[in-house]
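Note that the chains take the letters A, B, C, D and E in the order they are written out, and that residue 1 is the start of every chain.
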Amino acid sequence: MQKITREQLLDRAVALLSDGTVNSVLGWQKGEFDYDVTPHIFKSADELKEGFVWNDFCYANFSKYLVLKTDRIEGKLLVFLKPCDTYSFNQLLTEHRFDREKVYAIGVGCEGMVDVNKLKAAVDGISSIEATEEGLKVTTIYDDEPTVVAIENVLLERCVNCKSKKHVAYDELMGEEGEIIDSARFDEVAALEAMTADERFAFWQNELSKCIRCNACRDACPACTCENCVFNNPNSGVETKAPVTSFEEQMFHIIRAYHVAGRCTDCGECSRVCPQNIPLHLLNRKFIKDINECYGDYQAGEEVGMRAPLVDYTLEDLEPGEVLNRRGEDA
Amino acid sequence: MRKCSLEKINLVFAEIAKAYTLYLPTDQNDSSAKFTKWEEGSVWSNALNTVRSPKDFFFPQAEDLMEFKVEGKNIDITDIRQESEDFVIFGVRACDVKSFEILDRVFLVDPVDSFYASRREHGIIVSLACTKPSETCFCTTFGIDCTEPAGDVSIWKTETELYWQANTEKGEKLLSYVDSLTEDANTKAVDEQKEKTSVVMKKLPLANLTTDGFGAGKTMELFNNEAWDELSQTCLGCGTCTFVCPTCQCYDIKDFDTGNGVIRYRCWDSCMYSEFTKMAHGNNRLTQKERFRQRFMHKLVYYPENNDGLYSCVGCGRCLAKCPISMNIAKVMKKIGGEK
Amino acid sequence: MQVKEYKPLIVAFCCNWCSYAGADLAGNNRLNYPADVKIIRVPCSCRVNPMFILRAFQRGADGVILCGCHPGDCHYTSGNYYTRRRMAMLFSMLDYLGIERERTRVEWVSAAEGAKFAATMNEFVEAVSALGENKRLEDLRCKR
Amino acid sequence: MNKKDLLREEIIRRSGVNPKKCMKCGKCSGTCPAYEEMEFHPHQFASMIDSGDIEPLIASESVYKCLSCFACVERCPRGVEPAKLIEAVRLSVIREKGANRMTANDVPAMVDEETPQQLLVSAFRKYTK
Amino acid sequence: MQRIGVFVCWCGSNIAGTVDVKAVAEALKSEPGVVYSTDYQYMCSQAGQDLIVQAVKDNNLTGLVICSCSPRMHEATFRKTAATAGLNPYMVEIANIREQCSWVHKEMPIGTEKAIILGKAAVAKVNLNTPLTPGESPVTKRALVIGGGIAGIQTALDIADAGFPVDIVETKPTIGGKMAQLDKTFPTLDCAACILTPKMVDVAQHEKIRIFSYSEVAEVKGFVGNFDVTIKKKARFVDETKCTGCGDCVDKCPMKKNPNEFNMGMDNRPAIYIPFAQAVPKVATIDAGACTMLKKGKCGLCSKVCGAGAIDYTQKDEFISEKYGAIVVATGFNVISMDKFDEYAYNQSKDVITSLEFERLTNAAGPTAGKLLRPSDGKHPHKIVFVQCVGSRCENCAEKGKEYCSKICCMYTAKHAMLTRDKYPDTDVTVFYIDVRTPGKNFDEFYRRAVEEFGVKYVKGMVGKIVPEGEVLKVQASDLINNKQMHIDADLVVLAAAIEPDKSARPLATMLTASMDTNDFFTEAHPKLRPVESPTAGVFLSGACQGPKDIPETVSQAGAAASKVIGLLCKDKLLGNPCIAGSNELMCNGCSSCERVCPYGAITYLDKEFRMPDRTTKIRRVASVNPAVCQGCGACTVACPSGAMDLRGFANDQIMAEVDAICK
C-alpha cells in the first residue's frame, strides 16, 4: 500500500496546472480494471480529477516519454517519478535526450509495485482490488470470498530487489526521502555465474527461445531511445524482424544489453513488459555486476553528467582474459 | 456425443499421438501456458488460455518460402517447402477457433496462400468450451459463445468427464481413433455446465462492451475521431498486442543472404512499427497515432466492411493482459464507439 | 562419404599500426601458423564493433581473436584502452550465455612481435580446435 | 617452500607490508630515534626481510629496541612501513617462544604517575603476542 | 554496381611458390562485381602498373583488388596507379597474400585456398568502397606560444626566423621564466643570464614576434590551422607603449614591503616594479593588491614622477582575439610547496631553503648580491646540507609529493655544492642522496668533479628530520654505506624540491582539448615517435609542461616543436586523411558517447532543425566531426549505439562484408 495518497498527488497536480507552472501532467490513468493503469497526459484539472490514479499498479517508468513528449508540448510538463524512475531521468539528461527546462518533476515515494502476472497467478478472475494494511483485498467475478494477498508475495521482481528508495532528481519531493538500498539484486546473476557453461547455455537457450521479438523490452527501455535502432535499420547489417533462428534471438539480446551497458539504470522495465516473461534484467545486471567488479561501483543515472564506464578507461584496467577467468577456470 | 473419464485423459492423448502429432497447452515454469508437443508425461494445463495464440500453427512467426542463388545472369530457385503431416491442436478456446475463420478469409481467398492452406488442411482443431472465463474475456461482444466452440471436434469439460462431439469429417476420423476409450453420452451434464458458465459470462466486467458504435457507413467519422490522439499518446509502438493477437495477420517478406545463397522468408510484422509498409517513397503512416489507429480501424471497421460485417477481434483478452502500458482494444472501443 | 578433417575457421581483427605489422613480420620471418586464421585489417582495435564479432560467429567462425597495440602504445593514444573494456564486457557476457570462453580472445601484439603473433595464432587455433565446431553461436541458415 | 621462504611469507602476510617497494633511500633510518640502540636498523629490516635473512633479525635485540614510534612509517616516501615489519618479526619471536614477556598483571607495578599511556600501549604491543 | 579488376601478383616465387596465382585469378573471376582478373610476375613494377592502367581503360574498371604483398608495403603505390588510371585512389583494396599467406604457409593447396578467401574478402570490400577525397582547410600562418620561458622563447624565435609571425603569451610581467632566476647552468657553468638575456632581447626586437606579457589565454576555439584564441591582457596600470623602463616610479613608490617573487620572496619590492633589470618588456607593473592608489585612491606618486606619463590607474583588463594556425604549449614548471614536509622544518626555519631560493642567494642580482649568506641572520654558513629527492619519487604521499623523478635535481645540487666549495672552501658541504642520476653529456663527469676535485661529501642516505636549535639546524640522517646514523649541526639546509607542472596547465588543457596525465603533464601524441605533438592536431608541446626537463633538453624540444609548427604553417591548405568518421545526422541521438571517447576532441554538437515524419520540425542535438581534426581511429563508431557514426574506408558494412566473405 502506498504511503502517499492519490489525493495528495492530485491536489498538487491541479495546483501546478492552475497556477500555470505546468500545462500538462504525465500521470497514470485508471483503466478497465483496478490494475490496468495507463500512462496518460492530462491536460486539465477536470480530466485529472476524473481519471488520475496512484496505486500499487503505477509501475510504468515515465522517463522515456520525456524524450518523445517534451518537444511536442507547449510549456512545462509535470511528471511523477518514483525513485527508480529518477535514475533513468538523470541518465537521459546526461545523454541530452530531453530539455530539463520543459519538465517539472515531482518525486513520489514508492512502497513497491505489484506484478500483475503474479497477482493473477494467485487469484483468477479479478473483479476488484482494494489496498489495505494487510495487503490487497481481491474480489473475483466468480463470487468467491475475497482473498487477501500479501503485497510482498506479488511485488515486481525489481521491487523485491529494490536498489534505491532515494530520489536522485526532482523539483519537488512528496513523501519522505529514502535511502539507497544494499539489495540482493545480483544474487541471481551470481547463481548463474556459478553454473557450468553448459548449464548456462541451456538456461539461456530455454529463456531466449521464448522471445517473439515484439520489441516491448526495447520500446519500454528508457536507455533505448535511439532515433533509429540498429535492429530497424536495414543498413546496419543486423536488422531483424523476427527471431528466425536461435542465433538472432541471442544476437538481439546480446547487442541490446551491450548497447545499454553502463547506461542501464536497472529500472526493470524490460522484464516487466516482456509478454514471454524472459528475465531480461539478468542480462543487464550481468553487465552492471561486471562493471562494478572490474571498474568500480557505478550506478547509471546517479548524477547528471557522469561518464559511463564503457566510454571511459583507466591505465590499470583488467585484461579481457583476466575478467573472464577472475573466478577460476570454469565458474 | 461421446464422453470419457478425465482419469483416462492421458490414455486418450497417447492414442491420438499415435496417429497425429498432438499439441496441447501445458504449464510453463513462469505460470503461463503454452501449446507444446505431447510426449509421455506431458500434463494438460488447466489454464484458461495460452499466452501465444494457436494461430502460430498455421501462420508461424517466421517461415522460409524459398531459396535462390544468383550466379551471373542465372537465378537458381529451390522450393524448400516440406509437406506437412496431419496434426492435432487440442484445447483451443472458442475465441481462438473463431480466429481461424478470420485468418481464412485473408489467406484462403484468391490468391490462396498455399503455405497457410497446406497447414490448415493438415491441422485438426479440437476445441474446448470455457468453464471459468476471466475478467479480460469479451468474446460475447463479437457474438462468440464460449460454451459452444466450433472446430473439428468440440469438447466440454466437467468435474470428472470430457464430452466429445465431432463436427467435421476430420473430427469423426480423429474420434474414431479413441473410440475404445470413449462411450456414448447424453448432453445433460454439458447443458448444466453451459448454464453455469453463462451466469459467469453475464457478470464479466466487459459483458456490456458492444460493437454498436462501429459498422458500415461510419468509416470517416471514426477515422477522424479526436480521441485517437489521446488514446495513442503513450503507446510505445512495440508489437506485443499484434504478436499475441490470434487474428493479426500482417507479415513482411525478407531475404537473408547466407553467403551461399539467399533464403526468402516471411515473418510477422506489426502495424505498430514505424517501418511497417515502408515503401520507396517512405512511410504512409507517419506517427504513432496513425499506426495505432490503423490497428483498431482495421479490426473494427475495414475488415468488417470487406468481410460481411465480421469483426477481426475475437475478444480473447490477450492484448489486455500483455500491453506494457495497459492500453487495449476494450478501452479503444469504449472511447471511440461511445460507452453504453 | 569422405570424413573431412575438422578445420576451425578463425577470424582475426588486427589493428593497422601494431598487430597487422606484427603479422607481416611473422611473414617476413617465415613463421608458420595455421591457414585457418584470416586477418581483417582495421585502423585500430577500437574500431571493432561487437557486432562484427557476433557476425563472424553467425557466419560460422569458430573463434574470433582481436589484436591491438599494447596498452599505452596505441597509435591513437587511447583506442586499445576502450577495446580492453569493451571486449572484457562482451566476452564476459558471451561466457555468461554459455558460449565457450576459449572462442574469444584479445591479444596485444606489437609491430616487433612477429614471433608472438605466430605463437598466439598457433595456440589459439589449437584451443579452438579442441573445442570443435561452434554450435552455440551460429546461424543454422548459413550452414545449409 | 623451504623454511626460510615460509618465514618470509609469514612476516609479509602478518605485516601487510611489501618490502619490494623499498627504494633504499634510508629515510627511515635517518629519522629513527632508537637508531643507535639497534643492531639492525629500520632500512635493514626492509632489505633483510626481502632477501629472506630473517634469522639474524629474530636473534637480535633490535626488535625490542624499536620504540614503535612509527616515525619511519610516517616518513617513508614509498609507503613501506618498516615499523610494521619490525613488529611482525617481534611477533614471530614471541609466538615462537609461546609466552608473553609481559602480562596485564605486570602493569600496576610499572605504572607511576609520570608514565605516558602511550608507552604502556607500546609496551603491550611489543611484549605480548 | 562496381566493375572490379583483380590483379594477382606472383612476386616472383615469393607468392607463386606457395600460391597457385592462376587459380586465384580464375576463382575470383566469378565473384560479384569482378569483370576482369589476371596475374603478373611483379605487379608493383612499372610494367605491372602499366598493365593495371591499361586494364582500367579497357574494361572501364571502377575498383581494383590487388592480391599482393602487405598494404603497408605497396598500398600507396597502387593508389597512385589508380589515380594515374583516372580512378579515385581509395577504390583500391589489397589482399595480403604474401606476408600473411604465402610466407607463413607451406603447402600449395592450403596457400591457394586461403589466398582465394583473402581475395574474396577484398572484392567484397571494394564492392562497397566509395570514392574518398581528403578534406581541405586553410592554414592561418601565425603561431601562438603559451609561456615565455626558455622553451617558449626558443620555439618563438625558431618559428619567427622561418618567417612566420608568432605571439607569446606570458602570465608574468616579463618573459624569461625560471631560467632568468638561475645563476649558473650545469654542466658548463655558464651564467644563465648571459645566455638567456640576449635571447630575450632577440625576441623583443624580432619583427615577427609580439609579446603579450602579464596576459593569459582566456578561450580557444577552432582546430588545427584555424584556432580562434582570446587573450586576456591583465591591467598593469602602465601604458606599455609609453613606459621607458627608467625606474623612477620604482624608486619613489612608498609601498616598498612586498615580497619579491623574482627573488623567491627573500627580499621586498615596491608596489610598482620591474621584476629585474633585463626584463622584457622592460615596463613597470603595478601590483594592484599592494598599491594604495588603486586600493584607497591615495598616493599617486608614481604618476607624478613618471616623465613619460605612462601611469594609468583606470586601465582595465583587455581582451584580444587572434587567429592562429598552430599553438605551442610551453607553460613550464614550478617547485612544489614544502608546507607539508614538517620533517625538514622548512616553515620553522628561514635557513631551510629550496634550491631555487639558493639560486637567488648565489645570484649576483639576488637579495644578497651574490654573497652566500644565511637568510636568518646574514651570516656566512659554514656547514651546508643538501637534501635530494624532496617530494620526488614519493609514492604514497600524493598530497605531499610526486611519484615521478624530477630529473634535474641531481645535477643542480651537484652544481650548487661545487660552486659553494669553489667560492667558499671553508664551507663543509654534505649532499644526501638516494641515487645520483646523471645521464647526459658531461653530466657524470661534472658530478664526479664535485666529489673528487671540490670535496663535496656525498652520503648515500636520507635526512630523517631537521630540528632548528638556536643558531644551528640539527640534521639527523642515515648513512647507509657506513651503516650509521649521522647527526650534523648545519648552518643552512637546501632542499631539492620536486617540480610540478604550472597550475595554469590544467585549465589550458581543457580549453585546448589536449590530454594530460594524472600528474598534469601534457601527454604527447606518441611517447616515442611524436614527442612534441599533443594528440590534438595543431597543438604542440615545448619544455617542462610535457615532463621534467633540463635546459638543453628543453631547448632541443623547443626547436623540435618549432620545426613541427613550421612544417604545418608552410602549407597553404591542410589535406586531411579521408578515412575519417562521419555522423549520419538523421540517426544521431546527440548522446555524447562519441565525444567522450574521441582522443582528439574532433566531435562537437550542433542544434539542427529536422523535418519529422509527421511534417513537423524538431530541433535536435547532433554530432558533427571536424574532418581536419579526426584521425580515423574509429573509437566513436563503436561507442555510438545507433550506428549513426561510421568510418569512411573502414565502414561497418565493409568490415561485415569482409567477415561474411571470410566465413563463407
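One rule holds in what follows: a contact is a pair of C-beta atoms (placed from the backbone, for glycine too) under 8 Å apart; a residue touches a chain by one contact, two chains touch by 3 or more.
Here the structure is a predicted model, which is why all the values come from computation and not from measurement.
> What shortest step count links chain C and chain E in the network of chain contacts?
Steps on the shortest route: 1.
> Just to be sure I understand the contacts, which chains border both chain D and chain C?
Both-contact set = E.
> If you tally contacting C-beta pairs, which pair wins, A-B or A-E?
It is A-B, judged by the count of C-beta pairs in contact.
> Would you kindly say which chain has the C-alpha centre located farthest from the C-alpha centre of chain D?
So the chain farthest away from chain D turns out to be B.
> Measuring centre to centre with CA averages, how many angstrom lie between chain B and chain D?
82
> Counting in whole Å, what is the centre-to-centre distance of chain A and chain D, each centre being its mean C-alpha position?
Taking the mean C-alpha position of each chain, the two centres sit 56 Å apart.
> Find the geometric centre of each of chain B and chain C from their Cα atoms only, then give the gap between the two centres in Å, rounded to an integer.
47
> Of all residues in chain C, which are in touch with two or more distinct other chains?
50-51, 55, 59, 72, 78, 82, 86, 139, 141-142
> Residues touching two or more other chains, restricted to chain E: which are they?
Residues 597, 639, 652, 656, 660, 663-664 of chain E touch two or more partner chains.
> Please output the residue numbers of chain D that touch at least 2 other chains, ranges allowed.
As it turns out, chain D has no residue touching two or more other chains.
> Please list each pair of chains that are touching.
So, checking each combination of chains, I get A-B, A-C, A-E, B-C, B-E, C-E, D-E as the touching pairs.
> Under the definition above, what is the set of chain A residues touching chain B in their complex?
For this pair, the touching residues of chain A are 31-33, 35-41, 60, 65, 69, 116-117, 120-121, 124-127, 141-143, 212-216, 218-220, 232, 241-244, 269, 272-273, 275-277.
> Along chain C, where are the residues that touch chain E in the complex?
On the chain C side, the touching residues are 9, 11, 16, 20-21, 23-28, 30-33, 35, 38-44, 46-52, 55-56, 59-61, 72-73, 75-79, 82, 86, 118, 142.
> Flag every residue of chain E that touches chain B in the complex, lowest number first.
Counting only chain E, the residues touching chain B are 30, 613-615, 660-661, 663-664.
> Touching chain E in the complex: which residues of chain A?
Touching chain E from chain A are residues 71, 94-97, 225-230, 233, 235-237, 259-260, 307-308, 310-312.
> Under the stated contact criterion, what part of chain C meets chain A in this complex?
Residues of chain C touching chain A: 50-51, 54-55, 57-58, 71-72, 78, 81-82, 84-101, 104-106, 136-141.
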